[in-house]
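These are the structures in question, set out in turn.
Presented sequentially are two complexes of chain A, the first with chain B as partner and the second with chain C.
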Partner chain A sequence: MRYIHYILLPVFCLLIGASLNAQSKKGVEDLKTIQQHKFDHGDEHDHDHHGHDHGSHGHDHSSHDHSGHKHGSHDHAGHSHGKHAGHGDPCGHHDEKYDPTGTAIHHISDANVYSILELVRIPLPTFLYAPKAGWEVFMSNKFKIGHHEDGHMSHNGYVMHHGSVYRVVTPGFPLEGNHEHDCFTHKTVKDEKGKDKVIDYVMYGGKEYQLEARSTFDGGILGGGITSFYDFSISKNVLSMMLVALILFFLFRSAARAYKQHPNRAPKGIQNFLEPMFLFIRDEVAIPFIGEKKYMKYLPLLMSIFFFILGLNLWGQVPFLGSTNVTGNLTLTLVLAVIVFFVVNLSGNKDYWKHVFWMPGVPTFVKPLLAVVEGMGLFIKPLTLMLRLAGNISAGHIAILSFIGLIFIFGDLYGTMGSSIGTLLSVPLTLFMLAIELIVAFVQAFVFTILTASYIGAAIEEHEHH
Partner chain B sequence: MTGTLAAIGAGISVIGAGIGIGMIGGKAMDAIARQPEASGDIRSAMILMAAFIEGAALIAILLSIFMS
Partner chain C sequence: MIFLISFTPFQPTFGLAFWSLVIFLLFWFIMSKVAFKPIAEALNKREHNIQSSLDQAKNARLEIASMKAENEKLLAEAREERTAMLNEAKEQRNKMIAEAKEQAKAEASKIIQTAQVEIESQKKVAMQSLKADVGNMALDIAEQVIRKDLKSDNAQVDFVSSLVKEIKLN
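Up next is the complex of A and B:
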């Protein structure tokens, strides 16, 4: 009986795999009764995916079956069968294949809704500003968010797709009030450079309305495109940041109060958790790199960076709690890196700038060359800080999601038996990745802090000239 | 085609980073075995160096993602 859990775990895995597969098969059966048809638009796009779901969940089609499908402007060629025959409904056709990449990207992205296990969807305040239409302030449950964080209702011309707010660009879509719409579709087209580009559409009243590219503040560098509106919402990531900041505030306040009230008592409770880390950062990072004399000036910054990153890393790894990917988001790490950049360069002394622009101790003809390299280094240092943190945390999340995806990949291939075997493989691999990620959470917070300390130390170092 | 090339590039950069971090880890083990009392200093220096290598590899990987 001591080893019963070794037997129970595989049995548990088999049951979970079988039930997940049964659910996905039920979804597929539903789809088969609806219809399958080919959809011809006469455009140049390569292939269409309609109502793309991940092929692994039962779908609720009740909201898809009420629009005037026959009045669509497009020519619906193809065959159809089943009880909805003849409707020509693009929302009926689903990709049956599980899409690991799309699922992973969807789960590591920011969202305008905080959903836990697809059961609880916490609406978040949404602040949208369009130069032409002005401010829109509302809670995101106006979108009637459903499966895969797709909305079922438009609000003043905005819709929610995969957790993000989009604006409809095709004229004719109602720009005022709430209107129920159908599913989302997407097409892959070639742009002028020959690259594949995915354009999303929303179905409303049997017609397709094109959506704007996703809102990004990067000016379109990362492929998001420039939108006609700005999204200042309290998104999932922002909410996580606020929560983590609050938790840290209360933890440190209670610890500080305990130290104040009983200065000579041995640490108790939360002090035992915070004190070793605090002393480690002070004694192993701040003092050796910055120096005894000046470290107190930079200690608050280092501690804030360390505990903020650590808290967010750990918050994102709690299973079934939204799995937010805040420190894996380039925008957050960009802000942290910009702060470090300004702190380092504004506290740099004469020697630091001399070493950057006119390196002493090397032949004169090398000095301009080194100035170029060092000048680039000024920007590359914070850039690598930004990329390292985001890359590591996102990579960990993607690895875990891929291992969980094994269940559905095997299920697609071999049915119920396959998804059971997939679950048997996936559970230990996921546990292993979670353990690795726990180490990575601490190591990456530590690395960010130690590199910040070393950059500051290099900037304020007093050189002794002979 | 460019996607395939980018994947190969990312793979090559990971090989380089793997060799570098492996050498750092091996040398750090040697150093700790030789001077166990300095293990704390060696460990933080090891992590710092590994972070630098990782930064170079990450730049390569992200470039290959954006170029693809």
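Up next is the complex of A and C:
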């Protein structure tokens, strides 16, 4: 009987897989009945519907009251609509196929709503600023967020699509008040340079209205672009950051109090948990790289970086807590990298700048070349910090989501039996990945910290020449 | 390309950048004030404390060791002294005994001498008194003889000779 769990676990997996499949089948049936009430105006759009985690897989459709929305199906399959001759309704329902990529990206993206599974949607304060229209402050449940974190209601010209706020640019869309709208669609077009560009639309009153790109400041390199509005909302990532910062604050404050009250006592309780990490960063990172004399000046920054990143990494891995992907988000790592860039270069001494722009000890004709390389290095160093952390954490989240996705991929292929087998495969793989990610959470926090320390160390090192 | 374009986690957004910056700077500032600096200082203090305690303990141990050595030295010295003292005492004793013996001997001989002198003198005294006594006795005898006088010559002779004998015996 000792090994009963080895038998029970697969049985359990099979049951879960089967029930998930049954649920989604039911969801599909429900959707098909809704479908029949749909208006069909036969437009022959070449709409590329977002393929998402739909249909014969785990999202519990029945828990969403689709029938409550008149034009309830905002679900789209990864199919070109035009191929379905005879029903041109862009909000129409198609054969549901699971889209692993879209699902994964959706789940690791920031959002203006904090969803836990498909069960709880915590509305978040939304602060929008459009230079022409002024501030909009409201809670994101105004959007009537449903499946896929797509809104069903516009608010003063803003809509929510995949958890993000968009502004409608096509004239004619009501810019005041709340208006119920239909699904979102998108088209892929070639821009002037021949690059693919995705344009999103919202269906409202049977017409499609173009959405502005996401409000980003990369100038469209990574999609999005400078828009007519800025989103300063307390998003899911911001809320997670606040919570993690608060948790860390309380943990460390209680530890600090214990150190104050019993200065020479052996560590106890929370101190035992924090002290090894604290000492590790001090003794293996700060002191070796920065030096015994100056490390105290930079220790708070290194500790802040380490514990902030570690806290967020771990927060994002707790199942059923929203799986926020904060440290996997390039924006946060960009901010951290910029802070590191300023700290490093503002503490740089004469020797440091000399090594950057006029490297001592090499032939003169090499010096300008090295200056170019070193000058680029000034920016590449924080850039690598930024990309490494975001890449690693996002990759981990994607891997976990992909393994979970096996259930639905197998389900799509082989029905109930398939999703059972998928679950059997998915559980050990996901467990394995979670274990790896736990290591990655620590390693990446450590790597970011140690590299920061080494950059600072290089900037303030006193050289004895040569 | 679609993948990259729609890879929203890698699209930098204003709001998130703003809030990240605010939250991280606040976190950095507050935590260094409330936690990181005090904890680092407390840890340094504790380490110094531990180090100094260890050093103290080491010093104390050394001190104790040196004290122990000293004690041993003292003890050895004391032992030596004791033996020396014992020896001395023994010698003293022997000397005293010898002296006492000699003294006793001398005293004894002195006593003997005086005793002899005494005896001698006593003897003399005794002799004198004896002589006196003998004289008296002789007188007594002579008296008795005179009284008996005329009984017989033989008897007188015998008597006198017996008296004489008696005197000699004395």
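Brief remarks on what is shown
One rule holds in what follows: the second predicted complex is superposed on the first by the 406 of 466 C-alpha atoms of A that agree within 3 Å, B and C clash if a C-alpha of one lies under 4 Å from a C-alpha of the other, contacts with A are read in each partner's own complex, and residues count from 1 in each chain.
Just so it is clear, contacts are C-beta pairs under 8 Å (C-beta built on N, C-alpha and C of every residue); 3 or more make two chains touch, one makes a residue touch a chain.
Note that the structure is predicted; figures quoted are calculated from it, not measured.
Once the two complexes are laid over each other on the shared chain, residue contacts for A:Ser233 go to chain C alone; chain B is not touched.
By the touch criterion defined above, A:Leu451 reaches chain B but does not reach chain C. Look at A:Ala245: by the touch rule set out above, it reaches chain C but stays clear of chain B.
When the two complexes are overlaid on their common chain A, residue A:Thr185 makes contact with neither chain B nor chain C. By the touch criterion defined above, A:Ser154 reaches neither chain B nor chain C. Of the two partner chains, chain B is the only one touched by A:Glu284; chain C is not. In the superposed model, more residues of chain A are touched by C than by the other of chain B and chain C. Of the two partner chains, chain B is the only one touched by A:Val443; chain C is not. Within chain A, the residues touched by chain B in the first complex and by chain C in the second are 222.
Residues 40, 44, 47-48, 51-52, 54-56, 58-59, 61-62, 66 of chain B are the ones touching chain A in the complex.
Looking at the complex, you find that chain A touches chain C at residues 101-102, 105, 108-110, 127, 162, 164, 188, 195-198, 214-218, 222-224, 230-235, 237-238, 241-242, 245, 248-249, 252-253, 255-256, 259-260, 263-264, 274-275, 278-279, 282, 296, 299-301, 303-304, 307-308, 325, 328-332, 334-336, 339, 390, 394.
Across the interface of their complex, chain B is touched by residues 222, 284-285, 383-385, 387-388, 391-392, 443, 446-447, 450-451, 454 of chain A.
Chain C meets chain A in the complex at residues 1-21, 23-28, 30-32, 34-40, 42-43, 45-46, 49-50.
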